Every structure is written in structure tokens, then in C-alpha cells.
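Encoded as C-alpha cells, the structure appears first; notes follow it.
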Amino acid sequence: MTLTLLFLGPLEDVAGVPEMSLDVAGAATLPDIAERLDPALAVAITAPRVRIALNGQLVAPADVRAGNGDELAFLPPVSGG
Amino acid sequence: MTLTLLFLGPLEDVAGVPEMSLDVAGAATLPDIAERLDPALAVAITAPRVRIALNGQLVAPADVRAGNGDELAFLPPVSGG
Amino acid sequence: MRRVRLAPEPFDPHEELRRFGETRTTAGGIVSFLGQVRQEEGDPVEALELRHYPPLTLPGMDELALRAETRWRLIATLVIHRVGIMVPGDPIVLVACAARHRRDAFEAADFLMDHLKSSAWFWKREKTAEGWRWIEPRGQDHADLARWAES
Amino acid sequence: MRRVRLAPEPFDPHEELRRFGETRTTAGGIVSFLGQVRQEEGDPVEALELRHYPPLTLPGMDELALRAETRWRLIATLVIHRVGIMVPGDPIVLVACAARHRRDAFEAADFLMDHLKSSAWFWKREKTAEGWRWIEPRGQDHADLARWAES
């Protein structure tokens, strides 16, 4: 049961990698996921200005339920093109 | 003693030609010139919105003094590029 | 750099823009406007002619470009305007402004076009099946110019 | 006609504009904006990278172009945006709007650029002698967007 986490932009530097796999038992919430991560990364991805996309669709942080095969992307404020 | 008159834009249609030579005795004023022309053309070139250039420089109608070798251009309102 | 010219023959706007862009690597942005003779289904216009008065037309365009450079921070300005007879699809005017900041480039190009289209020394006539007809100045032109009145 | 794409490799903006212009003979005017990586004497920036998030970035650009088409009378819209690593002089973004009336083309191109530069899904980093550094969002972006708030 594997969940993929994507870290966009500067969050990649905090995570140290652009992408990470996490073994999950079932549908994980954002706090479930955050507590499995390095504390600095957990703080960074739950910052108020970070948007979250579940399988390519934006979701409210409170609505995150991510399980096996899902992709969760963390999108910090954009810098523009 | 020849003065050249140029008729720009729609004034060419009124004059029937783009350019006309006029024999003048000395330095002619705008009324001197107008009275030598066909009345319809005289009215057209003295209309308030027609600008006048003497040898390529804009001049006020009252300041026109044009003689031998001079070129007087009549510039109706521009239609833009 | 300021390049302003009248084109008595058809010109290739894309080649002109390429040349303009090639030396402008300090520019963050280039805004261009290309105006061409419209070609529409059922449009009766067969040809367009632009007349000019050489002693005033080009000097006036040059002065206009200078005004734009005084008002906005521009790196380079390009103005090419056709004169003579054109057919639908032909380029009439190409304006390009290069600047470090895109707002300057947008506003300067807009300013140049409003003035070229209303106050530059051109007289225009159109040819339809009924022959040639001179085009009157448009009321919209005054509104366009009023946008740029210095307060 | 709406052509919106991401370019993972360098593109030739002039060739793109030529192709865009060739089929647009009903347009009176085409406004374009070309943004490129600045190259200045003494500038420490050696390279620029734009990252995107595929599920959102291109759909967001497409939706933006659609908004422009809804708001202004446009005949055609072109948006090409680079992603990946660029060096000074490389094109980053090309926007072109064709319209019967030039005001529509100017405003729509300006609108597209303001939004692409501030709210599109891109993350940017720059490389200098000290390495790569992520670029923070700019305060100016909010001011740019506020210009377009529908009243």
C-alpha cells in the first residue's frame, strides 16, 4: 500500500527529493502523513499557503484522504512564469 | 516665377491633380493664391481644418508668403495609418 | 536604439521582428503590434492606399518614437509603416518596444499605435467595386489620444 | 482559434508568430509579447529553470486563454510557455492575440501576461556562481492582478 508524495518548487529542497513513497495502511489524512515525515518537512507542507493536489485535483487540506496508488502533490506559492 | 502647390489626400480629388504650378509675381499670400484657383478648390484649401506647409514646414495660413521656387502643401485632416 | 522607417514596398514583419529581437538580449520583454489589411468573407475592400507627405510624415513618426522613449523606459523601439497600395493580408504597420519591464513595453506600443492611427501624417483611401474612396478621420481617434493626455 | 502549449525545449518565437499570423487574415491587428531570459553585462544569472505540475499547469493556461476570449473579442490566441532549464537570451513565453480591433488585442495580451507571470503554476529558480536558488513570489504580482478585477 504505497502513496506517492510530490514536492514542488522550494519544497523539493526541504524534502531533499522531488518525490517520495510512503507505505500507508489505509486512507491517510494530512496529519497522518505529516507525522510520518521529518519535522521540518511536516511543517513546510502544512504551511497555510501550500496548496495540495490529490491525483491532479486541488483539495482542501482537511479533505485529504490518500491511500494506495494515490499521488499527493504539495504546491507552494508559485513564482510565476 | 513659379510656385508649386501640392494637394494631399482628398484635396487631390477636389483639385483634380496632385500638384499644380502657379505663376506668381512675388510673395503671394493665401488669399492671393486662392483667388487664382477654381472656387471649389479655393474653398477647400482655406477650410479651417486644412494645415499648410511651406517648403516642408507647417505655417499658419496668415503667415503664408510663397514665391518663386517655393512649394506649398495643403494637408487636410489625416485619416491615420 | 530607435529604428523608424516608411516602407514603400511590402515587408516581412516576422523577419523584421527577428532582426529586432536578435540584438535585444538585455530586454526582458518585447511587445509588438502588427496591423494588416483585413480580409473578410464578403468584404468589398479590394485594396488600400496610404499617401504621405515626406517632409512631415517620417519626421513626425520619429518624434513620436522619441516621445515614447522619454515617457517609458525602453531599450529599443521599432516602427515600420507602409505607404502606397496594399491588398488584403498585407502588413500596414509594425511597432515593437523592448524593455526590461513588460508594463513599459505594453504601454509604449499602445501609445505608439494610438498616435500612428490618429495623428500621423497619412491619408488613406479604399478601393471597392465602386472605385477609390478617401477615408474620413474617425471619432474614435480622439478618444484614443485622450487616453495619453499628460495629467 | 486557441493554441496553448508548454515547450520543454527551446522554440523559435518568430517562426511561431509567422505561423500564427498566416491564417489570421481577418484580423486587423495582432499584439504579441515575447519574454526572454535577460542577458546583461555583469548579470550573475547563468541559467533559469521553470518547473511545472502537469495536471494543473497546462489546464490552467488553457482556462486563462478561455477567460481572455470570453472577456475580449478575439479571433485567435497563442500561448507558448517554456519549462525546463533556459540560458540568457532564450525565449520564456510568447503570447499573441489577434483581433479585429487593436484595443481588444492589447488588453487581452496584457491580461494573459499578468496572469501567467503571477498565478500560473510555475516555480522558478535561478543559477548563479553560488548555485541554484528558488525565486520568491513578487509583491508586484498582486498589483498586476488587481488591474483586472471585474468591477
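Order of writing sets the labels: A, B, C and D. Residues in every chain begin at 1.
To be clear about the criterion, a contact is a pair of C-beta atoms (placed from the backbone, for glycine too) under 8 Å apart; a residue touches a chain by one contact, two chains touch by 3 or more.
Remember, predicted model here, so these are calculated numbers, not experimental data.
Novice: Shared touching chains for chain B and chain C?
Specialist: none
Novice: Can you give the whole-Å distance between the Cα centres of chain B and chain D?
Specialist: 51
Novice: How many Å are there between the centre of chain A and the centre of chain B, using C-alpha atoms for each centre?
Specialist: Their C-alpha centroids are separated by 78 Å.
Novice: What's the distance between the Cα centroids of chain A and chain D, rounded to whole Å?
Specialist: Whole-Å distance between the two chain centres: 28.
Novice: Two or more other chains touching the same residue: where does that happen in chain C?
Specialist: Within chain C, residues 35, 117 contact more than one other chain.
Novice: Mind pulling the chain A residues that touch 2 or more other chains?
Specialist: Residues of chain A touching two or more partner chains: there are none.
Novice: Provide the full list of chain pairs in touch.
Specialist: A-D, B-C, C-D
Novice: Would you mind writing out the residues of chain D in touch with chain A in their complex?
Specialist: 35, 50-51, 53-56, 81, 92-93, 116-125, 134-138, 141
Novice: Per the contact definition, I'd like the list of chain D residues that touch chain C in the complex.
Specialist: Against chain C, the touching part of chain D is residues 13-15, 17-18, 21, 25-36, 38-40, 88-89, 100, 102, 105-106, 109-110, 113, 117.
Novice: Could you list, by residue number, the parts of chain B that touch chain C in their complex?
Specialist: Listed in rising order, the residues of chain B that touch chain C are 6, 8-10, 13, 53, 55-58, 73, 75-81.
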